[in-house]
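Paired with subunit B in one complex and with subunit C in the other, subunit A is shared by the two complexes that follow.
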Partner chain A sequence: MENSATLATTLLVVLLFAGGVYALAVLEYWSVAGRLAWTRPVRLALKLLAREEIKPRQRDAVFYETAPVLLLAAGTLAAAVLPWSASAPLLSLATGALFVNAAFAYVMVALVLGGWSSNGAYAMIGGWRFLGQLLAYSMPMVMALTATVMRAESMVPVQIVLSQRGLWNIIYQPVGFGLFYLAALALAFLPPFDLPVAAGELAGGAWADFTGARRLVLRLGRLSLVMSLAVTITVFYLGGWQGSGLPGVVWTLLKTLLVAASFFGVGRYVSRVRYDLMLEWSWKYATPAALLNILWVGILLLL
Partner chain B sequence: MANDSHYLLLLGMLTCTGVFAGLLYLVKFSLGPPVAEPGKDVPAESGRLAVEPAWVRYHVHYYGFALLFLCFDMEMAFMYPWAVVYKKLGITALLDMGVFLLILFLGLVYTWNQGGLKRQ
Partner chain C sequence: MNPLQLFFLAGFGLAAVWFGWRVFRTHSMVRSAMSLLACMVALGAMFLVLQAEFLGVLQIMMMAAEMSIMAFFMMMFMMDPGGLGNMNMTHQQKPATALSAAVAALVLALLLSTNWPAPLARVPTATQQNHDLGIELMTRSMMIFETAGTTILVAMIAAAATALVYPPQPD
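For the complex of A and B:
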C-alpha cells in the first residue's frame, strides 16, 4: 500500500518536473523571439542529435564525459527534496534546505570541469569565470535560505512551506527574497549573469567545445536547473502549494512557471554583468544585506 | 518510509539521470561517426591549434574574494543548526550569533577599507 503510494508520488513529481522543463524550453524561446513555438524544443533536440559530434583532440576524456551528466544530476537532485503539495514530498529529508544548497554546489563543479576538459583557453576562462560568480552568489543565497529556516524552526521543506501559512516569506523577508532571486539567476547562469557560457562571449565559454548529444544534455541540465530553482523559490518564498480553489500541485506548478518566466524576462531587459563587478557588489552590498536580513527575521521572531 | 530508503531513492534518481544521458549518447552513436577532417577537432580558438596546452598556470584574479568566501562559508556551517533552534533559545541565540557575526563583519569592513574588494 505504502509502496504504491510512493510510486504514484514519484511518477507525479517526475511527470510534473519533465513537463515543467518542456514548458521552460518553450518559455525561453518566447522570451527571445516573442512567440510561443510549442514544437521547437523537440526540433532543436533532433537537430542536436543529427549534427556531427566533434570532440576536441586533446581533451580530458573523463571530465569531458562527466560535466554534462553532472549538470543534469545537480538540477534534478535538488528537485527530489522539494515538495509539490502537502502529500507529495518525494523525499522528506531532515536536512532538506541544506541538501538543496549542496546539490546546487555541483553546478560549479560541472562548469569548471566542462571548461577544463576541452583544453581550450576560452572554455577554461569560462569555467574560471563561473567559479568567480560562485564566490559572489553563494553567500547571499545561503544566508537568505538560513533566514527561512529560522522562521520555520526546521530544515524540512514541507515545514518551511507550512511556516508561511499566514504570510508568505516574500512579504515577511523581502530582502532575502530579492537576494535569493538574483543569486538564483547567477547560479543558473541566466542572461544578466551569463558571462561564463554566453554565445557572444569567449565563443561560448565553458560550453564552447560540446556538440551533439553532450550539448543536448548540457542544455537539458541548464533547463532542469532553472526549473529546480523556480520550484525552490516557490517553496521557500511563495508559500509553495498554498492557495485557494485549485489543488496544491497546480498552485506549485503555476507559481513555478511564473517565476521561471520572470527569470527569462529579466534577462531580456538587463545588460550582461561583469563577474568582477558582481563580486564587488556582492561582498559590498549583498552580503551585508543578507546579514541584516537575518537580523531582521531574528528580531521579528522574538517580538 | 524508512530512513535509508530515502538514500536509495536518491541513488535511483542519480542512476536514472545517468542512464537517460547514456541513452541519448547511444542514439547519437547509432547515427554514425563524424567525417574525419583535419583541423576539425581543434578547440574553439580562431581555428588554429594553440602551441601550448590550455592547462597552464592561470592567474585567478579573485583569490582575495576566495579567502573571504572561505571564512564566511565556515561560519555558515554553524548557522544551519543555529537557525533551527533559534526561536527556542530566543534572545540568547541572537546575541551569541550576533557577536560571532559582528567579528566576521568587522573583518569584511576591514577588507573593504584596505581595498580588498576590488579586482586584484
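For the complex of A and C:
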C-alpha cells in the first residue's frame, strides 16, 4: 500500500513536470513568434536527433559530453524536493531549501564547462559571462530564500508552503519575491539576462558549438531549469498548492505555468541588460535590499 | 554503521582521493579546478553518507561556485585566458613531497592519538541537527563565526575597492 502510493506520487510528479516542460517549450515559442505551435517541440526534437553531430576539433572530450547532461541534471534535481501538494514531494529533505540552491549552483558549472570545453572563443566568453552573472544573482537569491525559511522556521519546502497559510510570501515579503524573481531570470539566462548565450551578439555563446542530440539535451535542460524555477517560486512565494475549489496539484501547475509565462513575457518586452551594469546593480542595490528584506521579515516575526 | 553505509563511505572517500590526485595530473587550470570540485563533492557525499545532511548539501552547494570562481581568477592572474596554457601543476617537487608526507604523518598521528568520544548510538534526525547547528552558531560559536564573517566581508570590500579605477574612466 505504502509502496504503490509512493509510486503513484512519483508518476504524478514526473508526468506533471514533463507536461509542464512541454507546455513551456510551446510558451517560449509563443513569446518569440506570437503564435501557439503545439507540435513544434516534437518536430524540433526529431530534427535535432536526426541532424549530423558536428564536434569541434580539440575539444575537451570529457567536459564536452558532461556539460549538457549536467545542465539537465541540475535543472531537474531541484524539482525532486519541491512539493506539488501536501503529500507529493518526491523526496522530503530537512534541508530542502538549501538543496534547491545546491542543485541550481551546478547550472553555472554546466555552462562554464560547456563554454570552455568546446574550444571556441564565443563559447568560452559565453561561459565566463555566466560566471560573472552568477556573482550578480547568487547572493540576492540565497538571501531571499533565507527570509522564507525564517518565516517557516524550517527548511522543509512543505513547511514553507504551510507557513503561507494566512498570507502568501509574495505579500509578506514582496522585496524578497522581486529579488528572487529577477535572480531566477538571471539563473535561467532568460532575456533580459541572456548574455551568456546571446544569439544576436555572441553567435550562441556558451552552447554555440553543440549540435544535434547534445543541443537537444541542452535545450531540454534549460526548459527544465525554467520549469524548476517556476515551481520554486510557486512553492516559496505563491502559497504552493493552496487555493480553493481545485485539487492542490492543479493549483501548483496553474501557478507554475503562470510564473513561467510571465518569465517569457518579461523577456519579450525588456531589452538585454549589460553584465557590468548587472553586477553593479546587484552589489549596490540588490544585495542590500536582500539584507533589508531579512531584517524586515525578522522584525515582522518578532512583533 | 551498516555495511552499505561503509561501502559508500569508502567509495566516496576513494573518489575524493582520486580526484584530489587528478588535480595535479593535468596541465590546465580549468581541468585542475574541476577535479578539485569533484573531490569536494565527493567529500560532501561522504557527509551525506554519515547522515550530516546540512553539512553535506552545504558543501556540495558552496563548492560549485567557489571552484569555478577560483579557476577564473587563477586564469586571469596567470594571463592564460583559455586555461589551456600547458602549465605544470606541480612545483618544487622534492620539498613539496617531503612537506606533504610530514603533514600527512602529523594528521595521522593526531587522528590516532586523539581520544575520540564513542560514536552516537542513534544519529539525531536531520531537522534536529539543523536546529542544534543553529543554536550552536548563535551561542558558543557566535564570536568565531562573526569574526570570520566580518573579516571575509572586509577583505571582499577592500579587494573590490582597490580594483576599482577612481574616478571612473570613460570606456
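As a working rule, the second predicted complex is superposed on the first by the 303 of 303 C-alpha atoms of A that agree within 3 Å, B and C clash if a C-alpha of one lies under 4 Å from a C-alpha of the other, contacts with A are read in each partner's own complex, and residues count from 1 in each chain.
FYI, a residue touches a chain if its C-beta (ideal position, glycine included) is under 8 Å from a C-beta of that chain, and two chains touch if they have at least 3 such contacts.
Predicted model, so just to flag it, every value in this text is computed and none were measured.
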{"item": "Partner chain(s) touched by A:S138 [first = subunit B, second = subunit C, both, neither]", "value": "both"}
{"item": "Which of subunit B and subunit C A:L279 touches, first, second, both or neither", "value": "first"}
{"item": "First (subunit B), second (subunit C), both or neither touched by A:L72", "value": "first"}
{"item": "Chain touching more of subunit A, residue-wise (subunit B, subunit C)", "value": "B"}
{"item": "Partner chain(s) touched by A:D209 [first = subunit B, second = subunit C, both, neither]", "value": "first"}
{"item": "Subunit B versus subunit C as contact partner of A:S154, first or second or both or neither", "value": "both"}
{"item": "Touching partner for A:W128 - first (subunit B), second (subunit C), both, neither", "value": "both"}
{"item": "Which superposed partner A:K55 touches (first subunit B, second subunit C, both, neither)", "value": "first"}
{"item": "Partner chain in contact with A:V112 - subunit B first, subunit C second, else both or neither", "value": "second"}
{"item": "Touched partner set for A:S87, first subunit B, second subunit C, both or neither", "value": "neither"}
{"item": "Subunit A residues contacted in one complex by subunit B, in the other by subunit C", "value": "93, 98, 116, 124, 128, 131, 135, 138, 154-155, 283"}
{"item": "Subunit A-touching residues of subunit C, taken from the complex the two chains share", "value": "30-31, 34, 37, 53-54, 57-58, 60-61, 64-65, 68-69, 71-72, 81-83, 125-127, 129-130, 160"}
{"item": "Residues of subunit B defined as touching subunit A within the complex", "value": "1, 6, 9-10, 13-14, 17-18, 20-21, 24-25, 27-28, 31, 34-35, 40-45, 49-50, 53-55, 58, 60-62, 65-66, 68-69, 72-73, 76, 79-80, 83-88, 90-91, 93-94, 98, 101, 105, 108, 111-112, 117-119"}
{"item": "Subunit A residues touching subunit C - in the complex, by the definition given at the top", "value": "60, 63, 93-95, 98-99, 101-102, 105-106, 108-109, 112-113, 116, 124, 128, 131, 134-135, 138, 154-156, 283"}
{"item": "For the subunit A and subunit B complex, residues of the former touching the latter", "value": "2, 6, 10, 49-50, 52-58, 68-69, 72-73, 76-77, 80, 90-93, 97-98, 116, 118-125, 128, 131-132, 135-136, 138-139, 142-143, 146-147, 149-150, 153-155, 203-204, 208-209, 212-214, 216-217, 275-276, 279-280, 283-284, 287-288, 291, 294-295, 298-299, 301-302"}
